[in-house]
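Down below are the structures I want you to see.
The two complexes that follow have subunit A in common; it is paired with subunit B in the first and with subunit C in the second.
And now, the complex of A and B:
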């Protein structure tokens, strides 16, 4: 789902930076003002956990692999603000250190996956609190992957409408929603299942450790 | 201060590159980055191509398959988009290979602190994750299946969550012992 540089038009990434920048500043301010001394170290390790979770891959038919996003698990465990800041830091480090995702795509990735994914996962988990806990954990993991996929597909599909030359040829990402929505969302419906299963299994492992 | 200026200059060039819609200028920019990188320029180009080729290939093939009749216009569009992707990624790799990100983001004490802690944790976790993956591969006679991969992923994730909790407590105690929280705003 990571979008590289050069696919997002300035009409998208400049306002996205503005919006994400305000939220990053608010998040850091909340962090500085919190009375809990463990808040900053917890954020740092939440970021490292999110980074490690994204390295968990599973095989796909045809010999390729996909990786889980871990958004739902991180959001349910660490809360929306911590999850948003932690995932933003992960995307920043991936973009700057590993070249995975770009600097122009960073605010879009942070808002779609870090913010919207975290909010969707936590809301789902809370809405389903009357069901068995593992059902809520699975649904949160699934939503934390699928909601960002829908948003990324919408943003990508918007690019040819936003930025094109006089003849109508695209200047950035060239495909509209009729291509991006099925191409991005459909595989992530399955990746979301893996994400949900991973969240449930990790939750059960943690539960077993608590019991022993 | 120098790092912050480099970061600002980099961001300005990135914005400029997304406002230019001439493939020749973007190609010139890409060549300039490779040349300025000296002897390791070709290696940098190789690294960038390895990082972006799946996206470039998928988008280019998809765009060709969409079935435009004007092949020249299709070629021009793909040349512009792909050159921009390569030029920007080259610039990012070249700048951040040499820039000290922690110094560049030093305008916020909290951000810098989080970044230093995060980098150390991420590097440790990354190494440990690779160890876990190699351990799994060495114990499997064939290709790792979906269920095994998920079980391994779940156990690894749970281990990392436990380790994170432990590390957060240890770091907080270490900072507390050194008086970090006394002079905090």
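And now, the complex of A and C:
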């Protein structure tokens, strides 16, 4: 789901860098006030697990590949802001050191997966509090994958409308929403199941911080 | 009758020129091409991706698909930085910037993994080997990235513990 370099136009990633930059700054200031030092090792472990699992791809029908994201796992365990910052760090490492996800696409990946995915996961968890807890955690893990997939599909499908030459030929990603939404979202409905199971396992192993 | 003959000849000439207008000419030549190979993390070729090659002016030069070996082949017609993209419908693929010299031969390239390659056309075949080497170095990059990641959390823990010393 990581968008590589050269797929999205500057009209997308420049404002995204501005927006993400503000949120990173706010998150860091908030982190210094709210994060319990005792929780840092668990957050580090959860983030490292998410990082490692993101690098393991499995084949999908149709020839494509996918991987779990761990977004729901980190978000449910540590809250939206901690999750957003920790996962942004993961995306930075992947972009700058491993070429997995582009440097120009970094803020879009961070906002779609790290922020929107975390918000979706935490909201789902809170909305389903009346259900058995593990059911809520599973649903949160699923939503933490599916919502970013929808956003990434929308951003990708927007590119041919946003940046094209005089003849209408796309200068960046060439496929519109009618192609990107089913291509990106449908596989992640299944990937979300794996992410939900991952969130449940992590919940049982790492426990949970108080809501933040 | 003579007029009819002249008209018939004119008709023949017009018809022949029309036929020529619909005809095509193929010219065969051997020229040095630039090949960009797209592979996934495991080194498997990414075949069937939608590919586009953009010239130094940013205009599209070529559109097609990667072949069965994940390759895009193009012939540059001017010096400068060319951009080769290969994209699947679900957002997989990559971008490679190719530097072409005044002699229209490959000078160097940088792929989406940040690996830069300097090579001349004669060494183009080594490109695949360089990719192989890059893939084998992926494990080291992963380990290094994981180390930096955990180190960053160590720094965070240090800062937080100094800010809020334990009672």
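By definition in this document, the second predicted complex is superposed on the first by the 171 of 212 C-alpha atoms of A that agree within 3 Å, B and C clash if a C-alpha of one lies under 4 Å from a C-alpha of the other, contacts with A are read in each partner's own complex, and residues count from 1 in each chain.
Everything that follows uses one rule, which is that contacts are C-beta pairs under 8 Å (C-beta built on N, C-alpha and C of every residue); 3 or more make two chains touch, one makes a residue touch a chain.
Predicted model only: the values in this text are computed from it and were never measured.
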Partner chain in contact with A:119 - subunit B first, subunit C second, else both or neither: neither
Subunit B versus subunit C as contact partner of A:180, first or second or both or neither: second
Touching partner for A:197 - first (subunit B), second (subunit C), both, neither: first
Partner chain(s) touched by A:152 [first = subunit B, second = subunit C, both, neither]: second
Which superposed partner A:162 touches (first subunit B, second subunit C, both, neither): neither
Superposed model, subunit A: greater residue contact from subunit B or subunit C: B
Which of subunit B and subunit C A:46 touches, first, second, both or neither: first
Subunit B versus subunit C as contact partner of A:128, first or second or both or neither: neither
Footprint overlap on subunit A, comparing subunit B with subunit C: 4-7, 31-32, 37, 40-41, 43-44, 47-48, 51-52, 55, 57, 89, 93, 96-100, 102, 165, 169, 171, 173-175, 179
List of subunit B residues in touch with subunit A within their complex: 11, 14-15, 18-19, 21, 47-48, 51-52, 55, 59, 62-63, 66, 73, 76-77, 80-81, 84-89, 92-93, 96, 101, 108, 110-111, 113-115, 117-119, 121-122, 124-126, 128-129, 133, 143-146, 149-151, 153-158, 160-162, 164-165, 167-169, 171-172, 175-176, 181, 184-185
Residues of subunit A touching subunit C in the complex: 1, 3-7, 31-32, 35-37, 40-41, 43-44, 47-48, 51-52, 55, 57, 63-65, 89-90, 93-94, 96-100, 102, 152, 156, 165, 169, 171, 173-175, 179-180, 183-184, 187
Contact footprint of subunit B on subunit A as seen in their complex: 4-7, 9-10, 13-14, 28, 31-32, 37-38, 40-49, 51-53, 55-59, 68, 70, 73, 77, 85, 89, 93, 95-100, 102-104, 165, 167, 169-175, 179, 194, 197-198, 200-202, 204-206, 209
Residues of subunit C defined as touching subunit A within the complex: 40-42, 48, 50, 52, 54, 58-60, 63, 83, 85, 87-95, 111-115, 138, 141-142, 144-146, 148-150, 152-154, 156-157, 159-161, 163-164
